[in-house]
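Here come two complexes built around chain A, the first alongside chain B, the second alongside chain C.
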Partner chain A sequence: MKHGKPFAVVMFAVLLVAAPLFLNAYQVDVLNSIGLYGLLALGLNLILGEAGLFNMGHAAFYAVGAYTAAILNTRYQIPILWTLPLSGLTAGLFALAVARPVVHLRGDYLLIVTIGVGEIVRIALVNDIFGMTGGANGIFGISRPQLFGIVIRRPQEFFYLIWGCVALTIFLFLRLKQSRFGRALNYLREDEVAAEGSGINTAYYKLAAFGLGAAWAGMAGTLFAAKMTIISPESFNFWESVVLFMIVILGGAGNIVGVLLAAFLVIGLPELFREFASARMLVFGLVMVVMMVFRPQGLLPAGGGRFSPVTLARGRG
Partner chain B sequence: MEEFFQQLTNGLAVGGIYALIALGYTMVYGVLKLINFAHGDLFTYGAYLGLTLLTSLALTDHLGFALGVLVLVLMVMGLVAILGAILERAAYRPLRESPRLSAVVSALGASIFLQNALMLLYGARFQVYPDNILPTATLNVFGLYLPLMRVLIVLASVLMMAALYLFIQKTRIGAAIRAAAIDQGAARLMGIDVNRVILLVFLLGPALGGAAGLMVGLYYGQINFTMGWVYGMKAFTAAILGGIGNIPGAMVGGLLLGVIEALGAAYISIAWKDAIAFLVLILILIVRPTGLLGERVADKI
Partner chain C sequence: MMEAPSGVPGRSAATATPLLTLQELTKTFGGLTAVDAVSFAVEEGSVIGLIGPNGAGKTTVFNLITGNYRPDRGRIEFAGTSLAGLRTHRIIALGIARTFQNIRLFQRLTVLENVLAGCHYQMRGGILAAMLRLPFQRREENDAMGRALKELEFVGLRQQALTLAKNLAYGDQRRLEIARALATRPRLLVLDEPAGGMNEQETEALIGLIARIRERGITILLIEHDMRLVMRACEKLVVLENGGKIAEGSPEQVRRDPKVIEAYLGTEDEA
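Let's turn to the complex of A and B:
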């Protein structure tokens, strides 16, 4: 089992890289959506999965990133991919500013506050805040991204852009998970009092997790803006945050493979059953309840890192 | 002055509705320390059940307006209470000993499920209450005109709140609820059946929430399957504002929030109306997380 797993992952990666060669444009587009949600969910996983902070306003950070990119691109003609770092930075700073006063709140209260933040951001966008967001219609005419002189236009081309970002994210977040920083976040999730007692600056790490996760959402927002060329507040409503929250919880909070698997299931499966599209959320809700009753740790639970309690208990340090 | 008075009374009517919903949140929180996210959807079920019963049974035709609506309110309250009990049994009881996150996620899942079940049953469009059964009369109070419906809403919500308050404060069962909220273990040792108390709370809260849903249908005339979410969030804000877990707090918080929102919409900006409640929520949690009359919610070592 332990040896079978890396092999399966490599096989899957090879299959994925070759996918655009034998899938049609629509199927590739579904994969692109899965990739975008995967990116967003990996960012949220840092906040909700690794650090255990209930954030249900992730769509707000996504929106800040997407709108930053769109405004810079349409008003100042900055190439869309160049805005990536800037929209990440804006979303991250926004998250820090928002989270600073509330990050100490107990779990479910943080959840409510982040829902509130998400709604306020959406309402602000609808009300054309700063006169720059285009109100309920949003912003259109965002230019196509260009990479090494190639204009990215077809779904197949976007596929490699998006999944390239996902691959990079997986690599970076795996490194992060095994670092001192990642272990500190896990401590925080498991036992905040003990973590603080062992000299972990809880406020700092919580904020860092928020900022980093939100920055990732912001950059995913840029990719979204580039892919759609038009964005509007409705793309960032409360249900987006719920779906992302669900992906992380169902996949197994804190497990990168689990989160990606859940992204495939939650975003990909409904595409297979399009005739039942209206019952999609009904099934999601039911799955959430059933999952919590029978398997609250998610499909692939976290644990198994080098210094995790699970591994140590097994005597494999 | 006229404008201010109209907004104030409108705010009190909406606030009374918020308060009724907030009571459900606050009672459940008091006993289980759980935010019942599905409570807002039970409220919506109240509105839809009310509409269905109203149109299919034609109660107001047979019994006249006052008696018909009274019977309707009681029927809706009973049905939504049963729904609340089923919800507790299916989604919350199996998770009584689980970590908080599991219960929160289960509550969210139940909320999504209930909301979408309603959409599949009734369709996604707005449903309209028949407008010929409601009194359209206005009262003249010291030269100011008040729609009768608004007065009835305020009266009904105050009446229900008073009844609940007396029940909680003056009866033995009410004392058991208060005891279970303070310390479940000790309450159990004193011979209180905590499971029954929890069940009772899940009957009472949804009953009031269902009544509030019916009131919204009668007051505004149109309902939607997603409205439970907005009302639920606002009622929850009201519960926090008053101090969650605190029953008089939920009443005060609801009325206060209704008035703040109505005045804010009138004098600041109508487009930002929904943001006002969320802003109040965030500010209260930052500045005074205990609410006006309540328990502390922020962790501090």
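Let's turn to the complex of A and C:
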């Protein structure tokens, strides 16, 4: 991001910050959706993009976070934003528990298991597990979030909350990428045997990737619950996991800017073409096919760019 | 700091316990006995070659040493510690580093990032330290980069630090693997066909590199088919055939051993 990366990124950021000033409520709400999917996709990117672990059940972690927040808020009157760390923790621990026995599975096998986990969670929620999730109707009456004494209710206000979280996530994940932890995930993706053979505890890092990516999904779940005030199992179905998977692959697995760009395209474009209602999914599918044929590595593929000649000089001495 | 025993077999064996000992090591795959009761020792500071025809079980021995496979029987001891049941990354941390027969680099990462993998286990910064960029984390990252660059300098790849590993020439990829292994600060370096696919000059340079690694006090165990390299670089050879050890000794002794000649050339009545 730092070293002479396109001017376009900065311009885009400025434009985005000012967006609520010249967009209507509906348009801002679309941006909010993009932000939420962006957060989820950045979390999934750690698992799928950086570590190369096929996870097609990310919506399960999203659901665990959203329900944790909703239950804590509606039953115990804990302010919704306060539940952020706890939702993240719950989703993270849940991910560790389910990933522990299956994470050694390779590629497509892991994919199938994670699809299963996603479905199990959704069905458990429909069946009103622990008598706390409200079944198919879900949970309603989640209170509005409050930040610095301001009650957040309008899309414009949510916009700054959500995109503030996205900005913080980008900042933290870029730092993570530039570290021992971030590199370890990449070693895992590139060659697991060589990674283990270079002294990296691959089993640990696989779990850590799942835990952290899921924790982020959990926190995104809190924001979702706060935004909707009603949550139900249908918000966390298989299609959500597929869309997130698609965003990461389309954007360029392991590339933060690429993933956000893909979130704009995958979530934003169908909204733009709402007039064509019935045809838009067709067009969308066509675009995906063309994309996979001509640019399978994604819009902005990862790779290189972690160190510049400038940072190299720091290592001297 | 460690004086290399200059090709005098038996000297270091007499003075200290060996760095690595294999005892009656056996590994079977289904009905096939890939390694059959193999025993030998690697003295500290020496360069030892493991040779034999294709399919003799050499790479399997390496995979047993580095914990990629578990032995069915037998013991492996490194510097007085049994390696039984240890996972590979733990064995690396004990001081054994390896390269692979069919080069295994992190292809889409830079040369520098590849070498930093070797520094990984000597660092401790986790998720939070990285996100908060704690002072110790910055320091260890800079130190690691310094060490990685030094290893690249050592193998002669410093200029390519920011090149993607997949874009390196074949011989350079082999040297990068060695640099990555050296970054783990090994006491024993295990090289699986380091000269495989190299031309004459590259092999010559490799022999020089092996000598310089040895000067650093690192013990080397290598598999190699290039007999010029083996004869010049190693002071002891262990010969495997069909999973079993058929000879052990100095290159001179091994070269004259009838069993070794038979294994490589076949007997007369066979032809």
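Just so it is clear, the second predicted complex is superposed on the first by the 286 of 317 C-alpha atoms of A that agree within 3 Å, B and C clash if a C-alpha of one lies under 4 Å from a C-alpha of the other, contacts with A are read in each partner's own complex, and residues count from 1 in each chain.
Just so it is clear, a contact is a pair of C-beta atoms (placed from the backbone, for glycine too) under 8 Å apart; a residue touches a chain by one contact, two chains touch by 3 or more.
Since this is a predicted model, take the numbers as computed values, not measurements.
**Q** For A:296 in the superposed arrangement: first (chain B), second (chain C), both or neither?
**A** first
**Q** For A:54, decide between first (touching chain B), second (touching chain C), both and neither.
**A** In the superposition, A:54 touches chain B alone.
**Q** For A:182, decide between first (touching chain B), second (touching chain C), both and neither.
**A** A:182: touches chain C, not chain B.
**Q** Return first, second, both or neither, reflecting whether A:201 touches chain B, chain C, both chains, or no partner chain.
**A** It touches chain C, and chain B stays clear.
**Q** Considering only the touch criterion stated at the top, classify A:31 as touching first (chain B), second (chain C), both, or neither.
**A** neither
**Q** Does the superposition put A:102 against chain B (first), chain C (second), both, or neither?
**A** first
**Q** Where does A:214 make contact in the superposed view: on chain B (first), on chain C (second), on both, or on neither?
**A** neither
**Q** With both complexes superposed on chain A, which partner does A:193 reach: first (chain B), second (chain C), both or neither?
**A** both
**Q** Would you mind listing the overlap between the chain B footprint and the chain C footprint on chain A?
**A** Common interface on chain A, chain B vs chain C: 193, 196.
**Q** Report the residues of chain A in contact with chain B in the complex, numbered from low to high.
**A** 52, 54, 101-102, 104-109, 111-113, 115-117, 119-120, 123-124, 126-127, 192-193, 196, 238, 242, 245, 249, 278-279, 281-282, 284-289, 291-293, 296
**Q** Using the touch definition up top, name the residues of chain B that touch chain A in the complex.
**A** 34-35, 90-91, 94-95, 98-106, 108-117, 119-120, 229, 233, 236, 240, 269, 271-272, 274-275, 278-279, 281-282, 285-286, 289, 297-301
**Q** In the complex formed with chain A, which residues of chain C make contact?
**A** Those in contact with chain A are residues 66, 68, 87-89, 92-93, 97-98, 100, 104-110, 112-113, 116-118, 120-121, 123, 125-127, 129-131, 133, 137, 140-142, 144-146, 148-149, 161-162, 164, 180-181, 184.
**Q** Give every residue of chain A touching chain C within the complex, in rising order.
**A** Spelled out, the residues of chain A in touch with chain C are 172, 175-176, 178-184, 186-187, 190-191, 193-203, 208, 212, 302-304, 306-309, 311-312, 314-317.
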